[in-house]
Structure formats: C-alpha cells, structure tokens
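There are two complexes below, and they share chain A, which is joined by chain B in the first and by chain C in the second.
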Partner chain A sequence: MLSTILRRVGISLATIFGASVFAFILLRVVPGDPARAIAGDMATEDAVAALRADMGLDQNLFVQYWRYMRAVFTGDLGFSYSTGGTVNSLLGDRLPATIELGVLAVIFAIGTAVLFASLAVYSNSRWADRLLRTASSLAMGSPPFWIALLALMVFAVQFGVFPGPEGRLSPGLVPPADITGLYSVDALLAGNIPLMFNALWHLVLPAAIISIGPFAFLSRLYRSQLRSTRRETFVMVARSHGLTKFPVFNRHIAPHGLLSILPAGSLLFADLLTGSLLVEKVFGWPGIGSMTADAIIQKDFAVVQAVLLLAAVLYVVVSLLADVILTTVDPRTRVGAR
Partner chain B sequence: MTLSVASVRATQQRSNPIAVFLKRDIPLSIFLGLFILLVVGLLIGPWLWPLSSDAINLSNVLQAPSAAHPMGTDDTGRDLLARFLDGGRTSVFAGLLIAVIGAVLGCALALMAGSMRGWVDSVFTWLTNSILCFPAILLAMAIAMAIRPGVTAVVIGLSLHSFPWYMRTLRSEVMRLYGQDFIRSTDAIGAHPVRILLRHVLPHLIPTMILQMAAVFGASILSLAALGFLGLGAQPPTAEWGAMITDGQQFFLTGQWWIAGFPGLGLLVAVTLTTLIADRAREVLDPRSDAV
Partner chain C sequence: MPVNTEVQRAGQEQSTATPVLEINNLCTNFELPGSTVQAVRDVSFTLCPGQRLAVVGESGSGKSAMAMSLVGLIPPPGKVASGSVKLRGKELVGLGDKEISAIRGKDIGLVFQDPMAGLDPLKTIGSQFVETIRVHQNLSVRQAKELACELLAEVGVNDPRRRIEDYPHQYSGGMRQRVLIAMAIANDPAVVIADEPTTALDVTTQAQVLELLERICDERGNALMMITHNLGIVRQLCDSVNVMYAGRVVEQTSVNALFNEPTHPYTKALLDCMIDPYTTVRGQLPAIPGSPPDLAAAQPGCAFAERCPLGSAEKICHEQRPEAVVLASGAVSRCHFAHELEGAQS
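On to the complex of A and B.
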C-alpha cells in the first residue's frame, strides 16, 4: 500500500511540474511585453528596458523559469502592478472570502445531490428518476452568471429577501476581528451573533448558485453509483437475510456509493473555482474569482500566474488526497489486489 | 446456410441504422429534432429575419418585445432578435470547431499512445494530465489575456483543454480494443499495424467520440458565453450570447429583462438539449450502462 501511495505522489509531482511549465510558457512566450504593460505607454524605452532587466525578462526562458520557481518555493509569488501590492498579500486578502463561499457551496452541492439522488433511487419511482435527471440536465445547461442575475432580480430586487450585490456584509457594518478570515466564523468567535447572521445571509445566494454545477454532476454520479450498487450480490444477500429495505439502503448501498464519489473530488474543486470566477463578479464578492477576472482585464501577469499555479497545485493535491483515502479505505484499489 | 446469410444481409440493408436507432428511443428523436431545428434556425437566421444586428436606431431604444421586435431592442435601439440569431451562430460555430479540433487531436494522440504504449504513452499521459489540472475557463482566460481577447483566443484555449479530455477517454478504449480477440487475430494473419489502427480500431472509437463531442460542444458554448460575459470572448460589435448578457446586466435589475433574458434562455435551451441528447444516445448505444 505504501508503494502505491508513493507512486501516486511521484505522478502528482510530475503533473505539477508539467502544469507549472505549461503555465509559465503560456504567459511568457506570448506576444506582448509585461514590462511595457507595467511601465505604461508614457515610459521611455530606457525605463522599460531597466524594468525588464529588473524583472529578469531579458534572461532566457530556463533562467526565468528557475528564478520564478525559486521565488515560489521561498513563498514569494511576485508583485501585482495593478493593485500595487505583493501577490501574497493580495491572495491573503482575497482567499478567505472565496474559501467561505466555496465551503458553503460544497455543503449545498453534496447535501442536495446525495439527498435527491437517494430519494430518487430509494423510491424506485420512474417519475422521481426522470425529475432528477431533468433537473440535473437543466443545472448542467444553466449559465451560472445568468442564473446569478436572475436570482438577484427575483430575490434581491423583487422580494428583498436576500441582499443585493454588496459584498460580504451589509454596508456600514464593521468586519469582525481577523482570526480565520471567514467572517461568519470570526463573528461567532467574537460572540457577535447578529453579525454572523448578516455574513451568512450574504453567503447563501452566491453559494447556492455556485453549487448548481457541482450538484448536476454529483447527483448524476451518485445516482448511477446507487443504481449499480443496488444490483450487486451483497445487496441481495442482505435482503435475503431478512433486512428490510431501509437498513439495506442505509447501511449497504449508500456508503458504497459515497465512497465512489470520492475520486470526483478534484473535479468538484475545478467546478467550484469556475463557479466563483463567474459568480463573484456579479455579486461584487471580494474573492479570488473577481480578483482573477480583474487581473486578466488589467493584464496583471504575476497575479494570473499565481492563480494558475495555485489552481493546478490544489487540483492535484485534492485528487491525490482522494486517491490516498480511497486506497486506505477500499482494499480493491490497491495494486496487486483482485 | 447461404440463404439465411443472404436474407440477413437483405434485412440489414433495408433498415437504415439511424432510423432504427431513432425509433428505439422516441424522446431522443424529439430532442434531436429540436436541436437540429435550433441549429438550422440560427444558421439561416439572416434570411429568416431581415433586420440588421448592428443597425443603431436611437429613436427606438429599450423597446419591450413586440411584433416589430419580438425580442425587443437594446439601449442603442438594435433589434435583439437579429442579435440573438447572430450570437447563436457564433456560439454554434465556435462550439463545433472546439469539439472537432479536440476530437481530431485527441483521437490521434490516443491512437498513438494506445498502440505504441511505453514512453510515448507515458509522455502523452503526463502532458494531458498537466493540462487538465487547470479549469477550462481559467485556461481560456489566461490565453485570451496573453493573445488578445476574442473568439479566436477562446477557441484556442478551450480546444487546448478539450483534446486531453478526448485523449484520456479514447486512450483507454484503444487499450481495451487491443486486448480483444478480433484485433489479435487480425494481427496474427499479418495485417499491417497501420491498417489495424485505421480499419479496425478507429471505427470502434466513433460512438465514444461522438458522445464526447456532444458533451464538449455543450460545455464549450457555455464557456464561450462565460468568457464573453467577462469581456474576454467576442468583442463588440460581434454579437454573442454571453456578451449580450453583459450588455443587459445593468438593465436586468431595472426591469428591462429582455436584453439579458433571451440570450441566457438560448444558452440554457441549447446546452440542456445537448446534454439530454448525449444522455439518451449513451443509453441507446450501451443499454447496460447507466448514464453518468
């Protein structure tokens, strides 16, 4: 089992290396001059050349890559010229907002997907199954940014039950003391319950919209897993032992299905990132998604490079973790088993 | 014996396989019919609806849907039905292009990796895994920034993300086929490896490839619209559904819902139809599998 895990870690490292080279080439071999973009159109040619030398852009690509990776490993992601700060401090500001949104979206997505898929399969009703599949097809086809606009129109403008695009707290409220960076948790730790509810109230709508995409694919995956597990021999054996329908489903079929959605963890992560890229902008949410969208419009290379690297590393780490957990829990996935 | 073979041949020739395929699944034929109607409608749009998509008419701004303008007009008085048709054409063409480029590249790499194995396979797998670490939209955004925002950059970016996806699915299919008896016996009677690859392996990949093309097509028009929405896809004056939603965003909350409403609805219908078609087709092609 250890060798399986080590092998997997090796592959993950190679993948991260490949992804970092890819992201680097993508942003360096392209037409356009980052130094000129930073210095602006008014700068003299000498000033731009000096800046280029300062940024190391006059070196060859191998040296540039080496320098960049060395900086990354010492924890320096570069300088964001469009905001005038380091990328590290920018990420530190923005990351908690996106994490808070992402965690709630994951809870919504997994909760609804597992609930509805279980109901559809357990009820064994053709109509429930059709309803679920239609809902997930619609969810798959819905453009999140458009749904966000619709939701704002209905819930914020028409009925006023959720706040409009005003960010993480109602205007005028002071954020809680920074402990975790997640406003709802910090407010709870500070004992400020109204503030916590205000933060949660701002979270619900964007998180629900981000969770639509993950809901679509998780519910399909879980449904098909449940249906194939239901046909397995061990389920028949359990039934023939005299167990009734619910315990069989609850103790034998459902855990089996849950285990098999674990490998989808990395896809779930990618979906969440995509969702926050699209939805944060509509809600004026000060997170990674809106930061990236702004950085791309501003041609802020350092920020985009950092986001690409971060996305790739997290994707690989999530899929590695899922695999390791699966290997530890499920003996059939080990090399040499079967 | 010869008689029975001949009669079987005869029945096979008489029944068109596509007709059989459609008759077996009524919803599939309905979805497919609607989809073809939509695509054809978008393609012949300029002949169906003669108004120009970028004729500005300032005496006729922000009109609600009416007989003269079935989808209303925007803040510069442009007819939104004409823009809707133009925008849909952009989406459909870009989606098809991405699906085909990805399929051709991915299939070629999968055939090479699956038949040669060894280091070729390892290198290709490593390459595709490295690309698939990035979310498609993020990759396309970075490319749009690097080159120049526009439909071309988005097509490049999304194709770059779609071919590894094809490669991954088709590669395992190729590997599975190479283990099967009919391929091994063709090899045993001395068929040339290239002949085996093109005449015996490739045809078996087509159903999988078509299903994947449907999925890529749907995802791509959604991503194209997302990038258009962020201002990185189609640039004005090109009409595109995502960019049209951005145009209508500020009016959406003040009651002029039709500017952003119809393009969003168009996206929803087009992509959902593709998903439904791919789902049903998968079930018809392989009844044992549960559509995921």
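On to the complex of A and C.
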C-alpha cells in the first residue's frame, strides 16, 4: 500500500515538473520578444536590452528556469508586465470567477448527463436513445465559442432573458464583501438575496455553454455503462427476487454508472477550473480563461506559465483525489478489503 | 383434450396431487429484424408440490428460455407469444411488472448459472439479502438481517453474523452460490427453478451445492425444476424429466424410465453420450452427429429427423410433426416410432 502511494506521489511530482519544463520552453521558443512587446515599438534598442536584462531574459535557459522554479517555491509566480501587477494577485483576482463558473458548469454537465442518459436507458425506448446520441454528437461537434455567440444573440439580444457579455454582475452593482470570492455565495452570506440572484443570472448562460462538451462526453459514458450493467447477471438475479424495475435500476444499475463517470467527471472538473478561454472571452468573464487568452496575445510569460503550472497541479491533485474516492467507494478496491 | 390431461399426469409419482405450476402450450419467440426465433414451442407440463423435475437438453434447446418465460424474465426481444402459465390456478402470462414481481422470489425462487456474477459487487451480502427479504415480507431491517443470518447458516455459511457484512468478492464461487440459494428460498417459495446451478463450479463444489439443494427440497417440500445438461445430476436429484430439443419437450418420463427405457431417439442419443470413464476410449468421445436445427426456420416435420438414426430415412419424420404419444409406462414421447422404441426394450 505504502509503495503504491509513494509511486503515485512520485508520478504526480514528475508530471508537474514535466509540465513546468514544457510550459517554460514552449513560451521561449515561440517567436516574438516580450521585452520589445512591453517597451513598445518606439523604444530604443538600448532600452529594450536593458529591460531584457532586467527581466533576466539575457541569461541562458537553465539559469532562467532555475530562477523561475526558485521563485515558484517561495510562492512568487512572477510579475505580469501586461497588467502591471504580480501574477499572485492576478490569479487571486481571477480564480474565484472561474471557479464559480466551473463548479456550476460541472453541476450542469453531470446533472444533465445523468438525468438524460438515465431516462434514455430506463425508458428503453429506441427513440429516446437515438435522441440522446444525436444530441451528444451535436454537442461534441459544435465549437463552444460559436454556441456562445449564438446564445448571446438569441437569449441576450433577441429575447433579453439572460444578461449580455457584461461580466459577473449587472453594471453598477457593487460586488459583495469578499469571503469566498464566489459572488453568489458571498451575496448569500451577506444576506443580499437580489445580488445573489443577479450573480446566478449572469452565471447560467456561460456555465450552460461550457457544460455542453462535458455533457456530451459524460452522457455517452454513463449511457454505455448503464446499458452494460443492465445486462449483468446480478440485475437478473435482483429481478428474480421480486424487485420491480425502478428499485433495480436505482440500487443496482445506477451506482455502477456513477462509479464509471467519477474519474472522467473529476478530470473535466480540473479542466473547467483552469477556465474556458474562448467562452470566458465571449462573455467578458473576468476569469482565468480570458486572462490566459490576453496573456498569450501579449506574450506575458509569467501569466501563461503560472496558468499551465496551475493546470498541471490541478489535474494531478484532482485525479489523485478521484482515485482515492474511487478506491473508497468501490468495495473491491477499498483499502483493508480482504 | 384427452392427450393433454394424460400428458400432465405422465412421469409423475404424485399424480394425484394438485399441481402448483401448470404450463400449457407455452410458446416464446425472439423477434429479430427479419426473422423470428421460436425458442420455446408448445411446451406443456405440470409441477406438483415436492416434485423434482429435471429439464435436460443440449445448449440452445430452449431450457433456460422456457424457465425464464415462466416468471416473465425473458430478456427482450424475447416474448411469450402464446400459452399459459398457471401458479395455483393464477395466470402469470401477461401480468404487469408489479404483479409478476410480487410472485417472483415469493412463490417462485430462481437460482442461476453463474454465481460469480450473480451478486451486486458494490453492495454487501447483507444489504442484498435484506432487500430480497423485505420485498416480500413486512419485516424491519433488523428482523430481516436476523432471518438472513439463519438462512446463511442453513446453507452452510460459517459465522454468518460476520460474513453477512462482507462483499461478494470476499466469497468464493461455491459460497456465492450457497448465498444465492439462500436468497432464492428466503421467502419460502413453493417452486424453485435452478438453471444449471452447478455448471460454473468445480466438481467438488458441485457435489456440495447439489447436496444442499437436495437437503433444502427435502426439508421444505418445495417443487424443484432443475435445468441441466448433466444426466448424472438428473439421476442423483430428480424424479421426473422433460427432455427438450429445438424448443419442444420431446419426451416426458420418470427418471427410472429415462435411463432404462428411453422412448425418443434423441433421449437415447443423449444417454449414449454419457461418458463412462472406464469404457470410453481416449479420443473417441461419443457425440450426436450434426447440429440442432435453425430455430428461425419453419419445420414441417420432426426437428430431430436430420440427425435421427431412426427417422433420417423416413418420409413421415421429415414431413409430419409427431404428436405426443402416451405409452404404457406413462411416459410421453413425441416420436412417430415411440411404440416401436418401447416395444424394443421390453
């Protein structure tokens, strides 16, 4: 058991290290000079060279990487030249917006996937099953930024049922006191119900659009697991004991489906926590995704590196957590099982 | 219908008892795109309290399909096309899910072939057992658990109070089959249907499970319907036999008559395939030549005619379906030459 844990931790550290090297090198081999980008086209060569030396870009890659990692381990993710602040404060600013969006999107994705796949399988109707598969194919194949634009046109411009791309709150509203950083939760904690609904109202459309891809993936996974579990002998045995259709589905089929989407679902969660670049951009959402999009355009190394590192850490931690949960939930792999 | 009543009486030692289960002209079809597979064809028989009926036949002869049809568990696209199944006079064919579920497990208990896959791996034995009991009996979880422990002890699970908290993967195959048998009899069913309950087990475990089944039937007096292709099990456990071929019951007889005077060429062929370790020559396992007919194709004659040593040359066997013939011994045979076969032996 201990060796398993050690191996997992070792692999996790190697993954994070690899991701940090990858991010570091990738950003330095792409064309363009960040010092020039910061100084502007009008700056003299001397000024740019001075800035480059100041940023440490005149050192060789090993020295640069060493400095970078040393800083990371002291909790300093660097300085964002494009925004003029530290990456730490930038992340602290942007992360809650993305977390709020990501959590809701995951709830949407898992909720709809489980609901519709269950209905399609339980009803045993060929028509419902075909509908689900068509929907998930369409969802998987349509680019989210395009759907986002379409949704804004229909729901915000045409019918006005959801707000336009105005960020997390309606213009003029003051964000609630910062407790968790999640506006809807903070508003609730502050007792400001109208503000909470305003925040939620702004969340629904982007979260729904972000959840479309994960919904497609999860609903397929859940559907196929339900269908294969339904053919298991123990389902037949439970039926032979006199259980009617619903209790058998509820107690003996669905749990196997949920177990099967747990690992994939948690990786999707990690994915959503690092933000959806294009959807956040379209909705003017002040989260990690739009921040990363801006930073890439501006060649703001420190920000992009930090986001890539964050993504790697998130993936590793979440998949580790998913494994722990899975082994705890599944009696066959539970620690201490005879 | 003079034949029918005699068919029902055939091969049964307790011919005077009221049957607990009465099957008449049962037909089960699998509707596939483009064809209809007739898995069970016009099957009629009765099961009396205490009777131990074996259903034998090769793979695909419709044994399991017939058994599943009795309790409405035939998986789609299968469907009971016609016929009737009566439990103490109550018609079971066409009942809704709720009504038939009230009978499954309570009046008719089932034991399946593969004990390794028969229990939900995510739930403890206890929770599955309690569930099974509480579907039919108005007991608290505690009482149900108590009953489950008693039943587990009865089927030979040591230390049931501890073992009941275990998960299926902590049980061996034989132990799981014991648990499944205990669950099947938990609500005291009048009929137990065992569908090849020992096929997936090794030989020593097989013997133990068979002894267990025998003991349970002795003590509880329930009727047993044993589906098997193992004639040794038939001889050891059962008193009467239905021999099935291509969805039909081709011979209904007592176990003694089965071994001493088979009255259907297929039964004879099956018996010839029994392996005697002392006389069988290495490399010469006996087999019935040919293979069973396509169940989707129409058969005007006897389904066994192609492979039959007696009838393959006879015109009548290929053209006319044999009716049930009741013989002097009480056996019923669906063969044009049943009387000749009977005469040849006595």
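Following the convention adopted for this analysis, the second predicted complex is superposed on the first by the 317 of 338 C-alpha atoms of A that agree within 3 Å, B and C clash if a C-alpha of one lies under 4 Å from a C-alpha of the other, contacts with A are read in each partner's own complex, and residues count from 1 in each chain.
Going forward, a residue touches a chain if its C-beta (ideal position, glycine included) is under 8 Å from a C-beta of that chain, and two chains touch if they have at least 3 such contacts.
Predicted model only: the values in this text are computed from it and were never measured.
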item	value
Which superposed partner A:M236 touches (first chain B, second chain C, both, neither)	second
First, second, both or neither for A:T44, with chain B first and chain C second	neither
Chain touching more of chain A, residue-wise (chain B, chain C)	B
First, second, both or neither for A:L138, with chain B first and chain C second	first
Which of chain B and chain C A:N60 touches, first, second, both or neither	neither
Touching partner for A:L278 - first (chain B), second (chain C), both, neither	first
Contacts of A:K245 with chain B and chain C, given as first, second, both or neither	second
Touch list for chain A against partner chain C, complex	124, 232-234, 236-245, 247, 251-252, 255-256, 259, 330-332, 337-338
Partner chain B, residues of chain A touching it in the complex	11, 14-19, 21-23, 26-27, 30-32, 133, 137-138, 140-146, 149-150, 152-153, 157, 220-221, 223-224, 227-228, 270-271, 273-274, 277-278, 281-282, 292-293, 296-297, 299, 304, 307-308, 311-312, 315-316
Contact set on chain C toward chain A in their complex	71, 73, 75-76, 97-98, 101-106, 109-110, 112, 114, 117-124, 128, 131-132, 135-136, 166-167, 169-170, 180, 183-184, 187
Sites on chain B touched by chain A in the complex	126-127, 129-131, 133-139, 141-147, 218, 222, 225-226, 229-232, 242, 245, 249, 252-253, 257, 260, 263-264, 267-276, 279, 290-292
